[in-house]
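Chains: A, B, C and D, in written order; residue numbering restarts at 1 for each.
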């Protein structure tokens, strides 16, 4: 009984399956509480608000402290449900879980406040940074953050290299300006560290303008610094952007893989063929109620449903499609505009296939080609002829048998 | 009769076929009126102009109001001509059309002004933002805007992720500076929101310079913020630029597809072959009167005419080519400079094929290779020999029959 | 006789073959004169220099005027030597040439000054912009400029689209700030055009700081403008950078093509094979005296000489290689460090082939593989064995005959 | 005996094999000394520190001078151990070595200080720039710097082209502003060089704000300069970032090549196959003690060990793997989460293979596929079935023989 409760608590807090609305709700409430909390920390420092709404901020603080404490305790209790820790004894699983980065963030977000309660002071300001650590709890809900972390880690060598280059340019330009203007502007360029303040603000193109060279020589050097500096800063931009794009791509790849396996049409393919097809498919997540295509639009791609249900509104009739079905192929194959309005009836995971890639796929895999052509014929009572790929009725029947056609 | 008028009005307002000069004219007039209108809204706020030319601005406003009202009514009247709405009863088609984003913009651009007329006030300033909504009407004429919208939508998760990262950095740096300089510069860093103003201006490299840290510790932190901030902002740049490039590419792909189908030379190819060829072709739109190639230039590519007419000026003679023909292949095959000056006699949709890709195409498709070689022979009375791809006279005759050579 | 002189003048001024030192010298002198000229225009406006060195600047001006006039007349005289104009009568060729952009720049650079001489005034300042037009003459010597022009032209639609987006954001943010701060800072935000000055400086991240919002609402709006603006400006950066990269690539492609044809080893390949090989090769231009590889370095690639001569210093002996030969293959095939120091004895056009691509090339083209293996054996008296690609002595002999081995 | 000492000194100073801890230690000490040195040069210029800690800075200076002198002498002594110089007589090897860029930096870092000692002055400030040259010594330890150098050199033409464009824009905008505001703001726009200071600060988006146009015309021109300038600066960013990415990629490629050769599984492949496989593999360097995968994580890739040892902690048992072995294939093939925790027991060079690529590899190379499947069966006592790739027991035995299975 307790085991089942624990299992359910774990599902709600950690796993969040696609259709689990309780899990979604808890996730959103926690994210909202973090934002509310960080907002109150920020506004509390404004003297006018701090005095007037001091009580409100204190209540928010105490409520958050309570909720985050309960959250932490529950996460610790259900720690032995994690796939990676399931084989361990409960106490060891919980100890191991406490060393996870996310668990450390959760602990840091509550521990110092408790310390405060015991040491009898109400100056929350001293703990400002600890209270802002809660912002990191949002990382749990954003896949983007993890990707950035991986991108920075995998390119750390290149980033250190470009940091050395930048520091070299900062040092050199600061020294030259120090030599040039140290006697004329002693307060701004009187030492190299002071001149470095100018050099960094200039090289990053921030350009506060609080410190500016005034001599002709100083201005010429500053001009060269601005021009070369601009080109140099292309390095971290290029490195981080490229690495981030690769991380996102790799993550998408894993998602797509899981979805391809759920489409029956692809079941007969070998692993190498699936790997080939995956390069053509693009995973898309569509919210409930979103319009996937409108009648009359240009047709760029067709879609396979990995999970979820869509409603198809054709001029004459309306029907539903769900897991494993596909749609949008008619406009693509006949090169006409969309004839149906298609709406997501639940959260859908779709696999989009671009127009040209569909032809390539149908040509390379006659089984799939025959199956798609057959569905089209059933749907619009018309034969789609793609040159060089026409199958006889027998071939289609053979293909139907192999592909395990669900319509028969 | 009314049906035909409606059809024509619809064509002029919405569809804009390539050669329809009335449609082009109306489009340009409407775009001009929008720009004139926005310009007058902007200038009206300048006190000197506002007083002197008040009457002029009012006239522009009233004329625009009239024109945009007529435009909206006509668009609504012809709503049932849209491919996607054609099967619906007229009243339903018009209701559905009113929910289109472009139609909402059109309505917002006129409705509040009418409200104004009835409530007897002439203070147009209160409606400034509504009057600027008209600027959005330009979106109808620019494919770039739609692509940007799609790019932002498809990457919204990654953008939200990088927004969280940026807000985290803004919060942290603002808090540290607040702690460091709150007593020294109470007006600038006296609260976290005040310090956030500095942090955002610094991280985006805007650097107004109205608020600048003055302590050594504050400057060191600010230096680190500038350096790391710079690298972080690579994220949205990379994400948006990549997504936008993909959107543009996909749009081009659909355009190219429509054009390839119009070139008879490609008629004999299978769908998979067309998909392959499309990767080699690059769609180009050329204005009437533009010079496509000058004699004596280096030859980078040959061209197929999807629609339009070009004039070919060879040293000795002059002739015209139109839909389905190709040109520029001689210089590419013989690796010499261009011998002809080629001018667009109308708006042309061209498909460009790079030099190396032409050889690949001719080798892979002997029919196309033979046809191109035959046309070259007729044009310059000389045989082009590409190693490994020579066909006999019989093969060429066979190819000619298959490709439906228009010269025979 | 005159024909030959004209031919030579044309070669010196326009064509500039790789080894023509007279042409190189004239190009450099003209570029130097342009820089000297622009420099004197710039310095002349400094009051201190303008008075003291007035005579010097006048002399530079008159000499330049004379030289650029002679240059223009000579270019016009030899206009009928251009490949594209050779078939026309001389007067027509000259008229056509006068319409070339470069010729218009040349004319603009001298004509207004002559107008000045006739209208008796010595105020050269009135002609400042015309005198700076000479800077455009440098475009003739820089391939980068032409590529930028092509990039901007081919992406003009996308650029106009992003300009509309940016203008929309500028308009909206300026209007909101105008509404928010028009009464508080009337001199800075008293009209929309005034507020647009702030909006552009902020969105481009220039951030002069001469105009800054002071109200809380104004600062919040400005913060949003900075953050969204930053992401928006990714558009032109992405568009121009991508298009420029493509232009550069295409130009390189044409250069490589011309060079591949000069390497005898590739003579036996079909056009499609050459197109395939070209994707592997990278054209490099090396100045006379440059060290191409040092002994002991890691070996990344081997090189084919399209034109020029290199000196090979092996531990024991020294020899020269010239057009059509290749080097650097031993370290690549044996996966060792370089054993020879290789220096360019003249300006060299090289084709670099990366290590892995060499293996691919040798496997796909057994003839080339056999030839390279044979040369290696002759050079180091040792057999290079690449698995799956070993040929017998007979095959090598056959290959040698086909490839037209220059050593036999 | 001396030869062996020299060999060892050379190894420690220059080569730094993967496991050589003495070499690592010396490298780190030297890098630390450089940073300490540069830091003391920078802090010495701060009047407060300069006076108080003058003695400390002098001691650091003298110690560094001594260490760097010893380092230079030792490097010179062991110069004839370099692969590239080994065949030369010692004195010639040393002379050649002195011309290496790294050796010149080493000499510049000490020579001027000695000059100082002899000419009896203690004003170290006069030698500031020479003392900062030591920062360049860090270049020896960062591969990023060499890549940047190569990137800049290989794209120097494009960079010069974009520099000309930028200078043209700077010149034009400075001249227009000079004409517009020279009489109103004579101190800021009184000459073209003065106006260029404004133009550069604006075009690079630094925007100090010390000089700002005040007339309406000047502001309009400045607005256009900001907008066009922004797009133009995309050029150097694009050029440098692209070239740097290519350099890094090429360097990685050479590293991967060297590692693939050490994995016995790939020994039976032909060179062309290895080149193909290398495109799938990603080289990774892992520090000692790092966790490579945790149990319960999603499985993105499997790993081959090129060198080093890893510890595998499975629920039931623990074992070690070393050079040539592979791991992580089970979760990838069964599409489950990781079941083992894997830690690096020494510095490891790994080759990562993405999930989809593994299937492609196993399908294309039945030998490799059979071997991997066999290892999996031994490890988990279960058969992995990949559709279309099942081998009989005989085939596996055959494959085992060919691949030289180390387990038999």
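Operating definition for what follows: a residue touches a chain if its C-beta (ideal position, glycine included) is under 8 Å from a C-beta of that chain, and two chains touch if they have at least 3 such contacts.
Since this is a predicted model, take the numbers as computed values, not measurements.
Participant: In terms of residue numbering, is the interface formed by subunit A and subunit B classified as same (over half shared) or different (under half shared)?
Facilitator: Counting shared over all numbers used gives less than one half: different.
Participant: Among all other chains, pick the one whose mean CA position is farthest from the mean CA position of subunit D.
Facilitator: Greatest centre separation from subunit D goes to chain B.
Participant: Where the CA atoms of subunit B average out and where those of subunit D average out, how many Å apart are those spots?
Facilitator: Those two chain centres are 39 Å apart.
Participant: Measuring centre to centre with CA averages, how many angstrom lie between subunit A and subunit D?
Facilitator: Averaging C-alpha atoms per chain gives centres 28 Å apart.
Participant: In subunit C, what residues contact two or more other chains?
Facilitator: 193, 196, 205-209, 233, 237-238, 242
Participant: Looking at the complex, which residues from subunit A come into contact with subunit B?
Facilitator: Per the touch definition, subunit A meets subunit B at residues 38, 41-43, 45-47, 128-129, 132, 135-136, 138-139, 142-145, 147-148, 159, 163, 166, 193, 196-197, 200-201, 204-210, 233, 236-238, 240-242, 244-245, 248, 294-298, 300, 315, 335, 337-338, 341, 354-357, 359-360, 362-364, 386-389.
Participant: Residue numbers of subunit A touching subunit C in their complex, please.
Facilitator: My answer: residues 205-209.
Participant: Please name which positions on subunit B make contact with subunit A in the complex.
Facilitator: Contact set of subunit B toward subunit A: 82-85, 87, 157-158, 160-162, 164-165, 167-168, 171-172, 175-176, 178-179, 190-194, 196, 202, 205-209, 212, 216, 219, 223, 226-227, 229-235, 237-239, 242, 250, 253-254, 257-258, 261, 269-276, 278.
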